[in-house]
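We call the chains A, B and C, going by the order they appear; numbering starts again at 1 in every chain.
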């Protein structure tokens, strides 16, 4: 098994990366050290000193450079060794560590895991509603002992709600129409719930429909390798769609290893809702955690225990209509992996 | 390494299997879910949903059917999917899980791990003294981090008592005559202790010999894969054997994996001893646990640590006369494994 | 990977080996049991009974013999079975365990891991300053989750002090001259620090230089596989070297497995310093532990995490001048391994 290389992955939340304390993180089986320079720009380097393999993240940061904890080799933010405190101070040619292009956007640090010269910040996925200049934004994270594709499946499959999250469900949810659509490299998964006469109380509150039947929907969009957004909307039956309240979430899954994933989840409200907006998104974000942690996570981890180091699809599972979106995502990932293997082969000829 | 398939294995104690809460157990490297229907009949299914490999044991039981925790596929007690709550509700042909024949007897649920059509409840091993309609019965269980054959060896070897369980020993025990016998598919291991002038005090109490020298004996019978009974008896020297008191135990070892075994131990008294019998067997059963847990278990687990994933007999161990019964059992297991491999080969031709 | 066999390894501190309680230890991937006979002589046997692989170290010691905990086979200090308490008591020919030559010296038990007939106590490495008839000696030990060669590297590289142990450093230390020398099978690593005007206060106390600039030095000698001594000295600039105070340490690393090492560290003072000498060496030895445990150990274990089951040198690390001594030691180890493989090949022809 392998991972898509040519992609921006979320390596950490912005708030956890500083110019004072290096942060160690794994992304697609590679150890990284994250830090900022004096101006606050984020950087990501391979977290292994080329001298004796000590983790640079155990070292000392100063002036946007990191010093190996063991023998003091100092590396600048581009990964070049700029000081050898020993002997004649000559710096060996190979004294450098891989530098990963890093971009800060939407409250997180994105790192490019492919060849550095192919990194294009313009292709960081677009989640404009996570832009904190225009939105109140909140975010949480969690480590899952499971493969990231199980998490893609989980969010793209809107049918599991009534079984895994009964609190969010109602008879009308079960009757909701599930559909999916493949739009180029985007996979959409949608659940439209019409005429819900007994929605959970929080639905009435979030979408401002104090009484009467409700039309509501969940629209998920996915793009490779594992970036999803979820729009939840609701309105009185018969109201105009364009005036409905909607709530936006992100679900970003960073593979740390084949069997471990760091899950970033977030939500937002437009700033025009007024200054109480930040408290509301904070509270909503906190409310998301218990179902993710106590309902989804144990299931995904139990799946992983069963699957082990095998590939779910090689186990010949039965496929239901609700898997369509997830299967489409898996196919797009597979296609990207084959393209990368192909171009690697071409490059080696 | 492999396991005998065509055998009834103890999967759980009856008291742990209900119509309300599914029970997850491993038997010969296979995950099972155990439950009962509304009439109390026990069932065992493969504990992996064929859709996404979620463990069914995390799901919900109702009306003797189990619903997958993830997407609500519902399986009846025969393992057939009887409800797909999604889309048009069509049930895919392969939407079934393996059902293991299950029989309740002697206070436990026996599951047949071979082909279902070869399951014969009449060949559940006979332990009439564990029948609670005629006996007061008590049972305990314990998980051992060791291969089940090390446990077979342990019980079939009655010589270890004086070294591992000094409390049960005396000089006459060491002088006792060890013998074994192979009677078809049964292996007997016997230790006859004559004229024990200083038996442990509990021996006098259990066998009602308040004073004077004692003749006592331990007779173990084994049958594949790992079902043993142990008769302990004692009487005044010269008394009539047929009037001696005896105490019966079972030792049943269920391989969970190659290196983990679930150990069920039990004992009984005939109901004619009167209503205090239940309390006596309960107390005797509780008294068995400390030597099993604190004397045998650490040794078996230490053997397993040394053996790892190798086969003890391939390590060329020295063999003593006391190993005769255990070696006979190992040979019978090996023979059964070869027969099963042979008939599997025949079936494939 | 393999280990040098023809070497004396430290198996335990003398104080931990007794005639009452067997001690289990691993040396170069082999389990040993250590004990003494009634006269106090130390012995080392393979810690696996040849009958059923039970660890002899769980058994009972008496009269310098060890009895298997499981079935009572009794082995003398040469590893010969001298009692089979079963059946006719005949002792099978193969009922013996490997005996490892053991020598007690310098407060530890040395065991020879090569062929017993090649064991020569005269080649136990010489550390005369650890002889407690002439010196006050103290010793501590610690288990490191890392390969022993990483520890060799650590001590042979005197440059890491200023980065890993800032408490022991000063600007003059950084300016100190590092050198190394290969003297047959001994590797020397030296750091000479001239004219240190601001040494740490404890340097002034240890070396009795209450004021003024100090000349000081650290001289490490290594021999295969992992025996190091360290001389630390200091004196007023311009004083006579032969009158300088020096402090001696040992660093002995016993590979338990490829990824686990038992670290013995010790120090001494000549008895002529007077009766308070023992308290001083005890206190110095205790003071060594925190930097070893909280500064070196986490780094070595982090290196090991990165290296896993690979060989550091096969990872193509960059090499600095400060690695010269460590690399020389690694080459000498490699040479010894090749010689042993060669003579093993010769023996098999």
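Everything that follows uses one rule, which is that contacts are C-beta pairs under 8 Å (C-beta built on N, C-alpha and C of every residue); 3 or more make two chains touch, one makes a residue touch a chain.
Treat the numbers as computed from the prediction; the structure is a model and nothing was measured.
Chain contacts in this assembly form a complete graph, since each chain touches every other chain.
Interface note: subunit A and subunit B, two copies of one sequence, contact each other through mostly non-matching residue numbers (shared numbers fall below half of all numbers used). With centres taken as mean Cα positions, subunit B sits 48 Å from subunit A. Shown for subunit A are the residues that touch two or more other chains, of which there are none.
Listed in rising order, the residues of subunit A touching subunit B in the complex are 153, 157, 159-160, 162-164, 174, 178, 298-299, 302-303, 306-307, 312, 315-323. Subunit A contributes residues 31, 48, 50-55, 58, 67-72, 84-88, 92, 94-95 to its touches with subunit C in the complex.
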